[in-house]
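Scrolling down, you'll hit the structures one after another.
In the two assemblies presented below, subunit A is common to both, partnered first by subunit B and then by subunit C.
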Partner chain A sequence: MQTKNTKTFYLIPYFAWIILFVIAPIALIAYYSLFDLSGNFTLDNYKNFFTSIYLKLTLSSFWYAFLITLFSLLVAYPTAYLLTKTKHKQLWLLLIIIPSWINLLLKTYAFIGIFGLYGPINAFLNVFGFGETQILFTDFSFIFVSVYIFIPFMILPIFNALDKLNPSLIDASRDLGASSWTTFSKVIFPLTTNGVKAGIQAVFIPSLSLFMITRLIAGNKVITLGTAIEQQFLVTQNWGMGSTIAVFLIIFMVIVMIITGQRDKGANSNGKN
Partner chain B sequence: MSETPIIRFENVTKHYDAETTVLTDINFELERGKFYTLLGPSGCGKTTILRLIAGFMQPSSGNIYFNGKLINNVPANERQVNTVFQDYALFPHLNVFENVAFGLRIKKLGKKEIEEKVLEALKFVNLSGYENREIAEMSGGQRQRVAIARAIVNDPEIILLDEPLSALDLKLRSEMQYELRELQQRLGKTFIFVTHDQEEALAMSDEIFVLNAGNIEQSGTPMDIYDEPINRFVADFIGESNIVSGTMVADFRVRIGEKEFECVDQGLNPNENVDIVIRPEDLEITSVEKGKMKVKVDTQLFRGVHYELSTYDDEGNEWLVHSTKKAEVGAFIGLDFDPEAIHVMRLNETEEEFDKRLESYGEDAYAN
Partner chain C sequence: MKDIVRAALTIILVCLVLFFVNDLLNKNSGKAGSDTVTIYNWGEYIDPDLIAQFEDESGYRVVYETFDSNEAMMTKIEQGGTSYDIAVPSEYAIEKMKEHDLLLPIDHSKIPNLKNIDPYFLDLSFDPKNEFSIPYFWGTVGIVFNPSLLDGQTFDSWDALWDPSLKGQVLLVDSAREVIGMGLNSLGYSLNSTNEKELQEASEKLNKLTPNVKAIIGDEVTQLMVNEEAAVALTWSGQAADMMWENEELDYSVPEEGSNLWFDNMVIPKTAANIEGAHAFINFMLDAEVAAQNADYVGYSIPNAAAVELMDEEVTADERFYPTEETRDNLEVYNNLGLEMLGVYNELFLKFKMGTN
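This part shows the complex of A and B:
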């Protein structure tokens, strides 16, 4: 039997972590957001956030995050579905996951080479007489690379949801007269929305604050909340404004989590509890 | 047969890969409106037959006919067959009403018609008032009924039931046996029921197919199969049996060990080796002097309705006895039985040969 003391002992690492790396930073950000450049207490930072510059920036952040999530989903769902049908599904899944263990920065740099003016893509286009095309520093390259980076995080939860789906439910749907498409739209997809939601969470939220890829691949042409925070802290040295944007970013994240976090009734329970 | 059989299997074979054959050259015909049971141990191929009829898989060779029409390549969603699955396979994201309405919505029936039919189907399975329940809120027996309602609401010609009672507790299971049988008679539809439970099969079926290792061992009414099992496997699988080896000395004379007994079987070769079945309830306890056989009582169990005695004769054969009389463990008792109680089975006899032999006995031997 565990005594109360040993329980408290086990909780120490958890609380230490929460206090040092979650509560303290958020408190500090909230605190700094209340001061202007010269260190006076003010609410101007919050007022400024609602001016057109920052609202536009927020909107564009959401737009890009939305596109990245959408394309990830469009690629990930069929991929995950196909994976569950293969014979060695765990192996194929592993092959998709392995690249996500490699450092993000390395992979991003690789794309600078691939998309560059003298890279293989341009060389390939040259063969068809397209001439040198600017691929790097475009919206396309930004979304492409982001989708590439995030896709394992979308595939994994969807794969798990599909894999757990009771196959006799699909038989039942066919048995009751449903075509393959109706079976997908009325049974398979509704029962895997939890996986889809988890995937959206894992992609959309980090996409809101991307800044490294915007720098390297989009050449600062795409400005997201992440890049704005970096600029405020490192370039303009306006910690107050940077913190304010961070506060809003946290709020947005919480909202997204609440929206996508609702669990559907009975999904994946296979009808047995 | 005047009417075309609703289902006909013609030399159907199914194998998943070169080595594993699930069904070997299966032939049978099913009549409309009867309750059929496919009975056999797990892995005998009974569920495979069901899935072939439902359209979830195609035969490797051979043909399946539905109302005389070849249906080998008709997909599951275009067959007039509905299945009640072993785990019910109810859609957890839909409530009871929507689960039952699923097939009707696909047929694009009107809203009012759907509601009428769903409520009627739920009434049929005694679930009126449960329309808005979630599946997770239903008990095992209720889910079972929802699954049945979901199948019958589509008015299919055949209803397939894949061990639908196996997940229920004993009491509920015997209740559902009555209900299913009654439901089948009210609907007048063809039911094909898969089970490994011989009691279930005996209680519910018009006709039973006993399967073993991808072959139909025997088919017939529950009484045929119980009273006249074709071989050791069927005798052993259906009910409790005493099966011993013996020799047919002459017509109506069979030898078990050193003793000869009178029986009702004839037409076998003299001194042919045979298997002999005597059901435990056909053995009667009597005194050693009066009995046809002398055995020693090894164990005795009280089974409620009767005592179950495990006894051994001098040659070491075990004889199971069901009796309302008690005996003493370790004591010698006599066993008495009628000549009709002895059922002689030829070794490796096909069902065709078996049926022919039974017919040849004529009315005299089997009048009683």
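This part shows the complex of A and C:
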């Protein structure tokens, strides 16, 4: 019953949103990245990015983002799998999601206490005869807290993919004599790769630009692209350089999206979608 | 669909009720209604009781917001949006704000309490004749340490931080000027150096500090030092005073090679909507009793001579926090180095941070 006019009318909010909040900001960032401190048009910012410490920074950001994603996946997949097998799976899922409603800063501050020299973890280690161990401000604490924060975003898409999986496929695999491992590697996992990819996107991309946790939990011993952008905008007030780093961050994100893109559409469909 | 509409309606209804309640509360608390004074200050930098007292005495309602770096504050003021009536920048930021024409002149005739300020802190190079700024607090940068966690090290010299026995024990503030300045000072150079060779040397020296660095953080330093999580920290005098208040083991020292002397000052930014109220607030804060109470609460050193008289002598005679004029001459005030140079400092600092892992 929709005429052409009403269709256009419905599209207005969508396009307004996209133009105002997606295209305009990206265009502005690209625009600012072409100016130096005194407002001259230049490509120096880009040259600077390739010659200086920013390359090293990019590599280290990628490395930590990779580790965070890997550990998130290692924890999330079995968890999501177990969740689909429980009786009240929606309740369990809710319990995992609820902590992500709590303010990020609050959770991060809590870990400063938990990981402290006189915190519960060290008290626990003491019982087993380990001395006071420096946990806060290490790579371990950084990755642990980041994984903790990102894990709901990894579990959700995997859970959805597993939940949609048609159980008769697993039964069929078993009936045909496949071992549990073969069933997993040849049937379950391939059919849930889209969930895994979505999870990787949801974890890897924000990990690249983490900046508050790097200070509070890693004591600035881990530096990411996010830290560099924050500094360029707020301290150095070099909007050009800050925008340049942001442009590269956007490019990296697009690349990650393409790599993890859902090429094989419908692989996990069981008739519902 | 019905559920979604119901949920949306509930949320809107709750918001409206909250909005209404908020409005009601605001109406009751401020006598003058819309006559507000908006203050933009550093975190933990005023005794909240004094805000209430000012509201009672003047009839203005105070909106109080905080920032955590001069740069963030300036960016926000430059952008307008909120009409801040009072801000509290440091000296080099005042120079910059003057350059960018972000300040309004202060009418001294409306601030009779200006007579309370120690003349030493008036008419300084960053704002001759105090045309745009009135001193609020001042202090130094130095080392706070916990003798009970150390074996007798003292910190009369910056070089003491490089001692191998301090492995993984030193906290630094996440601020380029302070950390690079420390590197420059430890080599006997000026902390305002723009000499490339000197900066390079400082950067190399700082890289050797890496094994001793436990973390580079912000205000969290206070809790970590109070809880004895770390033995040594580079910090500002007032923050050190806070820590020493909570943990009596701690001690503070300003190394002999020199360090930074800083001033935070009240200014009226261009964004001000209530200039009359801003003057009233500045005058109120300069009152001897008010300033003394504020200094007691905040812990930084106060430039108000009349207030110093009223304060506990044990505090004001403490040369760690109220150094003699002779010692002060050994300290340097930050110059506005310009954005180009600030960029160089930050890049060196970033490099240092990258090396700490």
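FYI, the second predicted complex is superposed on the first by the 262 of 273 C-alpha atoms of A that agree within 3 Å, B and C clash if a C-alpha of one lies under 4 Å from a C-alpha of the other, contacts with A are read in each partner's own complex, and residues count from 1 in each chain.
Here is the rule we go by: a residue touches a chain if its C-beta (ideal position, glycine included) is under 8 Å from a C-beta of that chain, and two chains touch if they have at least 3 such contacts.
Since we're looking at a predicted model, the values are computed, not measured.
Visitor: Between subunit B and subunit C, whom does A:L57 touch in the aligned arrangement: first, second, both, or neither?
Guide: A:L57: touches subunit C, not subunit B.
Visitor: According to the stated criteria, A:D139 is in contact with first (subunit B), second (subunit C), both, or neither; which is it?
Guide: second
Visitor: Tell me which partner A:Q231 touches in the superposition: subunit B (first), subunit C (second), both or neither.
Guide: Touch status of A:Q231: second partner only.
Visitor: Could you look at A:L191 and tell me whether it touches subunit B, subunit C, both or neither (first, second, both, neither)?
Guide: first
Visitor: Taking the superposition as given, does A:Y118 touch the first partner, subunit B, the second, subunit C, both, or neither?
Guide: Touch partner of A:Y118: subunit C, not subunit B.
Visitor: Examine A:K221 and indicate which partner it touches, taking first as subunit B and second as subunit C; both and neither are also allowed.
Guide: Only subunit C; A:K221 stays clear of subunit B.
Visitor: Between subunit B (first) and subunit C (second), which does A:R174 come into contact with in this model arrangement: first, second, both, or neither?
Guide: After superposition on chain A, A:R174 lies in contact with subunit B alone.
Visitor: Which partner does A:L37 reach: the first (subunit B), the second (subunit C), both, or neither?
Guide: So A:L37 only meets subunit C here.
Visitor: Taking the touch rule as given, give the residues of subunit A at its contact with subunit C in the complex, in rising order.
Guide: Subunit A reaches subunit C through residues 37, 52-53, 56-57, 60, 112, 116-118, 134, 136-137, 139, 215-216, 218-223, 228, 231-238, 241.
Visitor: Under the definition above, what is the set of subunit C residues touching subunit A in their complex?
Guide: Result: residues 69, 71-72, 74-75, 168, 171, 174, 176, 213-218, 220, 223-224, 227-229, 339-340, 342-343, 346-347, 350-351, 353-354, 356-357 of subunit C touch subunit A.
Visitor: Once bound in the complex, which stretches of subunit A touch subunit B?
Guide: 166, 168-169, 171-179, 182, 186-187, 190-191, 264-273
Visitor: Looking at the complex, which residues from subunit B come into contact with subunit A?
Guide: 54-56, 75-78, 81-83, 85-93, 102-103, 106-107, 134-136, 143, 150, 154
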